[in-house]
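By letter and in written order, the chains are A, B, C and D; residue numbering begins at 1 in each of them.
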Amino acid sequence: MRLTHEQQAEIDSQRQAAAPTRRATVPALEDMLYGALPVLDHGFVRVIDYMGDDAAVVQAARVSYGRGTRRVSEDAGLIRYLMRHRHSTPFEMCEIKYHVKLPIFVARQWIRHRMANVNEYSARYSILDREFYLPAPEHLAAQSSSNRQGRGAVLEGEEAAAVLDMLRHDATLTYDHYAHMLNEGADGEPADPGRRGLARELARMNLTLNTYTQWYWKADLHNLLGFLSLRADSHAQFEIRAYADAMLDTVRAWVPQTFQAFLDYRMGAATLSAQMLAVVRRLLAGDPVDQPGSGLSKREWAELMDTLGRA
Amino acid sequence: MRLTHEQQAEIDSQRQAAAPTRRATVPALEDMLYGALPVLDHGFVRVIDYMGDDAAVVQAARVSYGRGTRRVSEDAGLIRYLMRHRHSTPFEMCEIKYHVKLPIFVARQWIRHRMANVNEYSARYSILDREFYLPAPEHLAAQSSSNRQGRGAVLEGEEAAAVLDMLRHDATLTYDHYAHMLNEGADGEPADPGRRGLARELARMNLTLNTYTQWYWKADLHNLLGFLSLRADSHAQFEIRAYADAMLDTVRAWVPQTFQAFLDYRMGAATLSAQMLAVVRRLLAGDPVDQPGSGLSKREWAELMDTLGRA
Amino acid sequence: MRLTHEQQAEIDSQRQAAAPTRRATVPALEDMLYGALPVLDHGFVRVIDYMGDDAAVVQAARVSYGRGTRRVSEDAGLIRYLMRHRHSTPFEMCEIKYHVKLPIFVARQWIRHRMANVNEYSARYSILDREFYLPAPEHLAAQSSSNRQGRGAVLEGEEAAAVLDMLRHDATLTYDHYAHMLNEGADGEPADPGRRGLARELARMNLTLNTYTQWYWKADLHNLLGFLSLRADSHAQFEIRAYADAMLDTVRAWVPQTFQAFLDYRMGAATLSAQMLAVVRRLLAGDPVDQPGSGLSKREWAELMDTLGRA
Amino acid sequence: MRLTHEQQAEIDSQRQAAAPTRRATVPALEDMLYGALPVLDHGFVRVIDYMGDDAAVVQAARVSYGRGTRRVSEDAGLIRYLMRHRHSTPFEMCEIKYHVKLPIFVARQWIRHRMANVNEYSARYSILDREFYLPAPEHLAAQSSSNRQGRGAVLEGEEAAAVLDMLRHDATLTYDHYAHMLNEGADGEPADPGRRGLARELARMNLTLNTYTQWYWKADLHNLLGFLSLRADSHAQFEIRAYADAMLDTVRAWVPQTFQAFLDYRMGAATLSAQMLAVVRRLLAGDPVDQPGSGLSKREWAELMDTLGRA
């Protein structure tokens, strides 16, 4: 269950309240505020708060006194210029805060992005819910034979069923034992008065890495885009990409001009090495170049051909 | 002149606009929004935007789904607990953005606080205004004889007048030469068509360190409090303390519970070393202790006596 | 097994090599270099590299041209002054790098210290070893009844045995299933040629949080001391404290003057709030104060009495 | 004067001392250690200490137990792979510390790189030397007419002489007044016993931005390369580029494999936007594309043609 009735009621209650503010406000993001965007089988991403908008990027770049009276097209042009030349500090002037529910193994990748603020649910202090991630059939992939950190073909039939059974069984069993060792009833009293419960900070070590945790996570727009450029990338593990994709939707609603510049100059862009550039110049000059004569490794050659649409 | 008519008009215009938001809103800070709090002779601090409030600290500490239904006193108690035990991450969940006009030598101290976002007016790109800081008579102090980085008695009479004349003369002269080297008229054309202007990025090197610059500066509440604990301290240089004092007023309006906890557990608190604690214990036990027998240096002894109100 | 023969041979080989350097060198830390300090049942901390020494702190604080000719006592005095007044930047001029083997649930606490550099063994790319943490009998504690994130009395007899059996059983079982799902033989070929192995990045989710991982971790001395002040503290969870304690030994060998100042002004020091200071002043004045009349909460009163040795 | 005899003697003395170490050591960088690389008219860059080498990058990427027994070519290949795919964390495992003497206006650009450690000479505490930067004739450039933050043609003849006179005159005058206001003799006594000296923290505000300051600056290899990619770039202001160029020489000596990868994949590389890539594909397909039909702005089109060697 993604959200309990009580949680949904709290969210609904927050969504109904409104107050006037003099701050920059983005109606499209206000519409999404507090609502849970579903991710994976039990997870979500919720926008909890935000600061700034596209105009705030421009305002900071110009260190201006007001919101400015320039035309929208001028602002968009400046944002594109900033993105293209990696002038990152104006994008740091916007900030967003999410509430995220995610499996622990995803949280372990995510937390490597250090330029962010995090408050995670404490399993030292509280008891984790009985929820764990099980891949949907289409995401249950074999090990890639060519890429040591990638996936190959999807498992099917009995192979898939056996894996899913194993994951479900082990997560269920270890959680049951976790609960048994804790020995806490719903009323806070021992479930079994005849024995003592293990300390929460110890019992949690019995949980598997697909157990769900949750956190508040806050970052500025520059660091958020850095996160998304890595985690919404096709090389990212599917499970974290699912979160990044949901967050991309929130960025599109929040700062549409910055979002488009990000697509054009980051997500859809390619960096060519000095050697790759030399190859492109030779190709444009009509010079027939092949991999052995290119100075590129086979892998780099393949990447370049892919980038140039010649794969 | 702190603000031109045009700048004040832009500010007034922003203050009149309002929009509904679902976000946490703080009326007392909304009242201050965009307005310039005067600092020093030409400087100011303006709150440009903010995210979160006292309840957002609590919400993050609890990783809760809504704003919560606890009583205000419970929230205040949790905030005090977090502050006392230096659980800093929940305070990182609030963010504030300022527009600041300040002398360059103050900016050089300020920028040492790295966990913040900054966009400064670029003197490579634009021309700085003819404004420089001159200390008010009561702040024109002699070098301290006891503290190498402190101030002693205030200069008076001719001594003070001579210093002020020198500061004013040199700032004016170097600015005039700066403008002369730039050779730019109000219309963007050369002021003197008979010669070329020096590059802005070079001409600026002729300015003195009391020239005013300005920037957008954004930080989370935890790092802001760290800044204030150092810069609103009595050991900070007066000129940066003047900014910190103005910012303290904005924090009081923004997050009153956090502000009170900050006063009690940080600004008004004292850290006693292991040796100092041993002295206090002996004193409480009625054991007469003097500096030579205390194990403390003279300076530490004096600090301890001061802390204990026995100076 | 903490280290294989092959790993120990690699370490021994590195310990035997030496080269001349003009850099600051600390013989006491050189003695420890590369050697594994055992922690918990299978973990370790190894110092891999370091930069600077006590004199480097002094050199940076003075921005001096050479190593200086001051007496050792002057340097120690300056270091103590810097520590006492929280002048942290000179301590950032020393750096240390560790190789650490640790359970995942400890790694999850550790990684929250963001001002550090980390490279963790990738379970997306490689296969984790069959090693997991099982608490020693004296650390198998019940949940504290007074502190929600603390431990109470040690479990004994059948209670302890049941918990240990469960932890061991579940870690073994989930690892066996992990290996089964991977289906990789020692030669890189499928262990069972009749089926495909699950992608490593997926299979790992079946592991429990007491599985050992390892990483390279590097920090400057200031941030290391921040880590140690929190993690070598009595409120830290025992398992991470065990690592912090081993690291304290390395700091003592590396920068003995800084280490002593750290003990005196941080680890052995106490911060008294404004209200606590008022109580101490009243006590010193002979004024009988009790908790209700102190303005302190019961918990704060107890903490103060403990600090003052009156518990 | 770049270095006094006393300073040079301290440096020579440090260069003559050597000690054995088990740490990774780089003879080519040891040769440079402590020596001052001259920059601008009075500045310098000195390598003070370093940690790690190319092999340390590889070691961290592999989380290995020893220095490894792989061939050099394999290590170089891994380093190139890491650089190409922006796997930045292994490069954070190397660290370098510099002592730099630089004009204040350069320091103000430099300090914007926040992921570094800095101790600057304190003009609050000490007295700055009478040294200021004056551009060499070939660097005294007019304002660019096309680029608001760039330089145009070099000033010559009387124009140049007038500017240099002005810069020299003003720096000299303001320094003389600074010294006068301080009123400190070489013996620490008042130069003029008949009046009091102004506090150092105030007097410094009279200095111009070309006054030299100095600092210890330390960064990890990843952040150093980020600094160099921006500051050794042709768009950087000449004066900071002069420092970056000297530092590039130290990186080449220190980590030659990383340095080459950095040249190939960062300094010599180009990032093409989604629209630019589309143009390149059309060109390669023999499709005649011009700027109006390209979807690129004139400026982006010019950049692309320049990148493709068709300018």
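The working rule: a residue touches a chain if its C-beta (ideal position, glycine included) is under 8 Å from a C-beta of that chain, and two chains touch if they have at least 3 such contacts.
Computed from a predicted model, the values in this text were never measured in an experiment.
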Neighbouring chains common to chain C and chain D, by label:
A, B
Go through B-C and A-B and name the pair with more C-beta contacts between its chains.
A-B
Taking each chain's centre as its mean C-alpha position, how far apart are chain A and chain B in Å?
35
Distance in whole angstrom between the CA centres of chain B and chain D is 29
Junction residues of chain C, two or more chains touched
89, 112, 118
For chain B, which residues are in contact with chain D within the complex?
103-105, 108, 111-112, 114-115, 118, 122, 124-126, 133, 135, 140-144, 148-153, 155, 159, 163, 166-167, 170-171, 173-174, 177, 180-182, 184, 195-202, 204-210, 237
Give every residue of chain B touching chain A within the complex, in rising order.
3, 6-7, 10-11, 13-15, 17-25, 30, 33-34, 48-52, 56, 59-61, 63-67, 89-90, 92-93, 95, 97, 99, 117-121, 214-216, 218, 220
Touch list for chain D against partner chain A, complex
84, 89, 112, 263-265, 268-277, 280-281, 283-284, 300, 307-310
